[in-house]
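In the two complexes that follow, chain A is the common piece, with chain B as its partner first and chain C second.
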Partner chain A sequence: MLDYLLSVATLVTIYSIVSLALNVRWGWAGLFDFFVYALVAIGAYVYGVVTLPPAPSNQYGDQYILGLHLPFVAGVAIAMVVTSVISLIVGAVALRQLRQLYFGIMTFSSVLIIAVIIMAAPWLFNGIIGLYGVEAPLSQLGLDPTTYALLFLGICLLALTLVYLLLERLFWSPFGLCLRSIRDDEVAAAGFGRNPYSERLKAYVIGGAIAGLAGALLITYLTTWGPGAWSPIETILIFTAIILGGTGNNRGVIIGTVVVFGLIGEGSRYLPILPGFPDAYAALRIIAIAILTIVVLRWRPQGLLPEPHMRDGVRRARRFRWFGKEA
Partner chain B sequence: MTVLLHSVGFGLVTAAIVALASVAFSLQFSVTTTPNFAHGDFLTVGAYAALVGQHLTNSLPVAVLSAVVAGSACALILNLGFIQPFLRAGAKRLSIFLVTVSFGLILQNGILLLAGGEPLSYNLTTPSFQNVGPFQWTYLDEGILATALVVLVLLHVTLRYTRFGKAMRAVSDNPSLARASGINTPRIVTVTWALDGAIAGYAGCVLAASLGSMTPTMGYGFLVVIFAAAVIGGLGKPYGTLIGALMIGVAMEVSAAYIDSEFKTSIAFALLIIALLVRPRGVISAEIFNLAE
Partner chain C sequence: MIAAATHAPLLQVTGLGKSFGGVQAVVELSFSAEEGQTTGLIGPNGAGKSTVLEVVSGFLKPNSGVISFAGREIAGMQAYRVSRLGLMRTFQLSREWPALTVMENMLAAAVDGGRDKVWRALLKRKALRISEHADRERARELLSSFGLFDLRDDAAGSLSGGQKRLLEFARIAIANPRMVLLDEPLAGVNPVMAERVLESVRILPARGIGVLIVEHNMAVIESLCSVVIVMAAGRKIAEGTMAELRSHPDVMDAYLGNA
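Our next item is the complex of A and B:
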C-alpha cells in the first residue's frame, strides 16, 4: 500500500511539472498549445539516449542514437536544452503568423507528425519498441525499494518546488505581467511598446524547458519509454487539470493536477469491473474528465483558485524579493 | 503508368470521403464561426450507427439513414446543449474549443464503452475490381464517388439557389447584418449544425466501409486529414475546401503507391503545415471560392 501511494505521489508530482509548463503557455500566454506533450516525450527520449549505454547488438535488433551513458544530472540538462531548442524552432515558426485556432491545428498536427517520425525511424529512438532499461539515479547506494521510492519522490518534489518558485517569481515579474497583458489585449500591449511575438516566444521556450524536465523525470521513474507511453489525449488531461485548478494560477494548477490525475485517475481503478466491458475503466475515466472540463468551464471558468490580480500581489511580490531585484 | 493511374483512382475515392467530411466542417465553421474539434467523432458515431442499423434490419438504406440521423443528433446536442449556453454566458473562444474537444472525447469513449475497442466491420459482399476507363474501382468505390458527388451537388444547389442557402451565406458573411435583415440567425445556425452532422455521419459510414473496419478512434485520427483539406482550401470556404480535399486525397493515395503507405497520413500533415506556413488563409484564395459572393 505504501509503495502504491508513493508511486501515485511521484507520478502526480511529475504531472504537476507538466501542468505548470503548459500553464505558462496556455494560462499566461493564451496559446492553444497541444505540443507540450510531444516535448515531454522528446525530453524522455533524449534523456534515455544520453544516459543509456551504446545500443547493444542483441537478437531484438535494438538500436538508438548516441548512448553516451551520462549521469542523471547531465541527462536532465541535455533533455531540457533539446526541448528548449525544439520549442524555439516550432514557436518561432508557428507564433509568427498563426493565431488561436490555426496555432491549435498546427501544434495538434505536429504532435502526430513527431509520433509518426519516431515510429518510422527506428534508428532514432528504437521505433515501436522504445527505450528500456534506463538506470535509476543513485541506484549504487543499494537502498531497499521502498526507501528508494521515497528518495525518488523527494527528487521529484525538489524539482517541482524549484519550478514552482521560479514560475511564481516570473508570474509577478514585469515579464509575467507583460505576457498576461498581451494575452488579454494584444493591441493595447503593443501600443505600450511590448513585442507580442518575442514575449510569447519566451513563454513558449520556458514552457518547453520545463516540459523537458518532466519528460526526463518520467522516463527515469518508468525506466521505459515508447510510443505506447504517450498520446495526444494526455494533453487534454493536462488542460483539464489547469482549468479545474485555476488557469494562470501556479498553486491552483498543482491542485488541479492532484485532483485529475490523483483522485479521478486513480479512483477509477476502484470501480467494480463490469463483465463484458473490458475497456470500461479507461473510457469512464476520460468521460468523467471531459464532463468535469465542461462543467468547470461553464460554471467556474476561473477554476478553484482564480488567477491573482496585481493588486493582490504586492505583498506576495515582496515575499519573492529575495529572489532578485527589488519588486 | 498504370500504377499511377490506379492510385489516382483510389485517390479520387479518398478525396470523395475527405471532401464530404471537410466540406461539412468548413461550411459549419463559416456559418457558426465555432471550430469543431469533435467533428472527427461525428464520423465515428455515423459509422457505428450504420453498423447498428445494419445489424437490426439488414438493409442498406436503413443503415445509411441511421448514420445520417445519429450524426445530425450529435451535432444538434453539441450546438444546443453546449455551444449555445456557453455563447450566452459570454465564454471565451478558447473555452469553446475545449468544450468541443471534451464533447468529442465523450462521444469517442462512449463508443469505446458500449462497443469495445476491437475493430468491427460491416457485413458487405467481398468487393471485386472493375476497370472503369483508366481507373480500377470496386462497386463500393463507385457508390462512394457517386453519392459524394450527389451530396456535394445538392449542397451547392441549396447554397446557391434556395432561400435557405441564401440565408446561410448571409449569416456566414455578417451575422448581425443578417439578423437585422430579418433572418432568423439562431435557426440558420441550428439547421447548419444538423446538416453538418448529417453529412459527417454519412462520411463516417462510407469511411468505415472503405477502410474495411472501424474503431472508436477512427474519426479522431481522421480529423487531421479533415483539417488539412479545410486549411489548404481556406478555413470556412466550402468550395476551396473541396479543392483542398481533392489535393489531399490524391496526394495521399499516389504517395502510398510509391513510398511506404505508413506515411500516407504524414503526407497530409506535411501539406497542412506547408499550407499553414505559406498561406494560412488558404492556398485557393480567389474570391469566387468564398461562400458569400
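Our next item is the complex of A and C:
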C-alpha cells in the first residue's frame, strides 16, 4: 500500500511540473498549446539516450542514437536544453502569425508529426519499441525499494519546489505582468512598447525547458519510454487540471493536478468492479473528467484558486463566492 | 527664419501614402505636429484620419512617405519600437487589459528601461521592488487625479466605458511619452464623463506632451487645438486655426458637399 501511495505521489508530482509548464504558456501567455506533451516525450527520450549505455547488438535489433551513459544531472540538463531549443524553433514559427485555435491546430499537428518521425525512424529512439532499462539515479546506494521510492519522490518534490519558486518569482515580476498584459490585449501591449512576439516566445521556451525536466523525471521513474507512453490526450488532462485548479495560479494548478490525476485518476480504481464491464471505469474516468471540466468552465471559470493579483489597497472584505464571479 | 531652421517639429510627416488594395486611404499627406501643442486632425467619415494614426504609430506600414519623430525615421517601424521612442496612442475603443486590476494596468504601462527582462526577475529582485514601489506611488497619484483611486484593485474589465477611457489616459500619463495620438477620445463616453476626459486631454500639453487628436466634435477641437488639419478623401485640403478654416471654401465643400 505504501509503495502504491509513493508511486501515485511521484507521478502526481511529475505531472504537476508538466501542468506548471503548460500554465506558463496557457495561463500567463494565453497560448493554446498542445505541444507541451511532445516536449515531455522528447525530454524523456533525450534523457534516455543520454544516460543509457550505447545500444547493445542483441536479437531484438535495438538501436538508438548517442548512448552516452552520462549521470542523472547531466541527462536532465541536456533534456532541458534540447526541449528549450525545440520550443524555440516551433514557437518561432507558430507564434509569427497564428493565434488561439489556429495556434492550437499547429501545435497539435506538430505533436503528431513528432510522433510519426519517432516511429518511422527507429535509429533515433528505437522506434515503436522505445527505450527501456533506464538506470535509476543513486541506485549504487543499495537502498531497499521502498526507501528508494521515498528518495525518488523527494527528488521529484525538490524539482517541483524549485520550479514553483522560479515561476512565482517570474509571475510577480515585471516580466510576468508584461506577459499577462500581452495575453489580455496584445495590441495595447505593443502600444506600450512591448514586443508581443518575443515576450510570448520567451514564455514558450521557459515552458519548454520545464516540460523537458518533467520528461526526464518521468522516464527515470518509469525506466522505459515508448510511443505507447504518450499521446495528445494527456495534454487535455493537463488542461483540465489547470482549468480546475485555477488558470494562471501556480498553486491552483498543482491542486488541480492532484485532483485530476490523483483523486479522480487513482481514486476510481477503488470502485467495485462492474460484472461484465472490466474497463468501465477507465471510460467513466474520462467522462467524469470531461464533465468536471464543463462544470468548472460554466460555474467557476476562474478555477479553485483564481489568478492572484498585486492588490494595492488594504485587503477589503470581499464576499467570497465559490461559483460565479467574485463580488 | 533662423529659428525655424534650427527647430524641427517633433513629428514631421512628408508625402505619406497608404492604400488598401485599390483604395487609396491616404495620398501624399504632409503635416507636422509640435511638442507641447495640440494639433487637430478632422475630416468627414472615410477621410483617412484613423489610417494616418495607425500608420504613424506603426500599427500599419505605409506604402510611401517619410515619417520622422524626434529626428528619427520611423516609417514602417514596428509599433512597439515607435512606442519606445515616446510616440504613443490611444484607440477608438478603449483597450484596457481586462483581467488585470486598474493598478496592474498602470504598472504594466509604466515604460521601464528593460525592467521586464527575465534575468532581472530572477536576479535583481531588490532593485525591482524599489522601482515597483516608485511606480506604485506615481500610479496612486495619477489614479487619484483621474478619479480612479478607489477602483485600483478592481479588474479593469469591470469599469464603465468612461472609466476605461480615463484609465487609458492614466496609463498614457504614467508611460510619459513625448507625443500621444488620440483617436476619438470622446467616442462612447457619456456627457458628464466627457468633461472629465477633456480635462485629462488638456493636461497633456501642460505636461509638455504633444497631442495629435482625431475628433468629430468641432467644439472640442476648437477648444483644444491651436492648429487643425483637415483631410478629405485621403488628402490634406486645409490647415490653420478653426476660425480660418470655418471660412475656407474647400472645407465647407468637404463637409457639406459641393452640390
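We adopt the following convention: the second predicted complex is superposed on the first by the 310 of 327 C-alpha atoms of A that agree within 3 Å, B and C clash if a C-alpha of one lies under 4 Å from a C-alpha of the other, contacts with A are read in each partner's own complex, and residues count from 1 in each chain.
Going forward, contacts are C-beta pairs under 8 Å (C-beta built on N, C-alpha and C of every residue); 3 or more make two chains touch, one makes a residue touch a chain.
For clarity, every value in this text was computed on a predicted model and none was experimentally measured.
Asks: Would you sort A:Leu170 into first (chain B), second (chain C), both or neither based on which partner it touches?
Replies: Only chain C; A:Leu170 stays clear of chain B.
Asks: Touching A:Ile206 in the superposition: chain B (first), chain C (second), both, neither?
Replies: second
Asks: One more residue to check, A:Leu98. First (chain B), second (chain C), both or neither?
Replies: first
Asks: Where does A:Ala188 make contact in the superposed view: on chain B (first), on chain C (second), on both, or on neither?
Replies: The answer is second: A:Ala188 touches chain C but not chain B.
Asks: Using the touch definition from the top, say if A:Arg180 reaches chain B (first), chain C (second), both or neither.
Replies: After superposing on A, A:Arg180 lies in contact with chain C but is clear of chain B.
Asks: Quick one: classify A:Ile236 as touching chain B (first), chain C (second), both or neither.
Replies: first
Asks: Figure out whether A:Glu307 sits in contact with chain B (first) or chain C (second), or with both, or with neither.
Replies: Touch partner of A:Glu307: chain C, not chain B.
Asks: State whether A:Ile287 touches chain B only (first), chain C only (second), both chains, or neither.
Replies: A:Ile287 sits against chain B, while chain C stays out of touch.
Asks: Using the superposition on A, tell me which residues of chain A are in contact with chain B and, in the other complex, with chain C.
Replies: The answer is that chain A has no such residue.
Asks: Under the touch definition given earlier, write down the residues of chain B that touch chain A in their complex.
Replies: Residues in contact with chain A: 35, 82, 85-86, 89, 91-95, 97-99, 101-103, 105-106, 108-110, 112-113, 116-117, 224, 227-228, 231, 235, 260, 262-263, 265-266, 269-270, 272-273, 276-277, 280.
Asks: Going by the contact rule at the top, pick out the chain A residues touching chain B in the complex.
Replies: 30, 32, 93, 97-98, 100-102, 104-106, 108-110, 112-113, 116-117, 119-120, 233, 236, 239, 243, 277-280, 282-284, 286-287, 289-291, 293-294, 297-298, 301
Asks: Which positions of chain A touch chain C when the two form their complex?
Replies: 166, 169-170, 173-178, 180-181, 183-185, 187-196, 199, 202, 206, 307, 309-313, 316
Asks: If you look only at chain C, which of its residues touch chain A in the complex?
Replies: Spelled out, the residues of chain C in touch with chain A are 57, 59, 78-80, 83-84, 88-89, 91, 95-101, 103-105, 107-109, 111-112, 115-118, 120-122, 125, 128, 132, 136, 140, 152-153, 171, 175.
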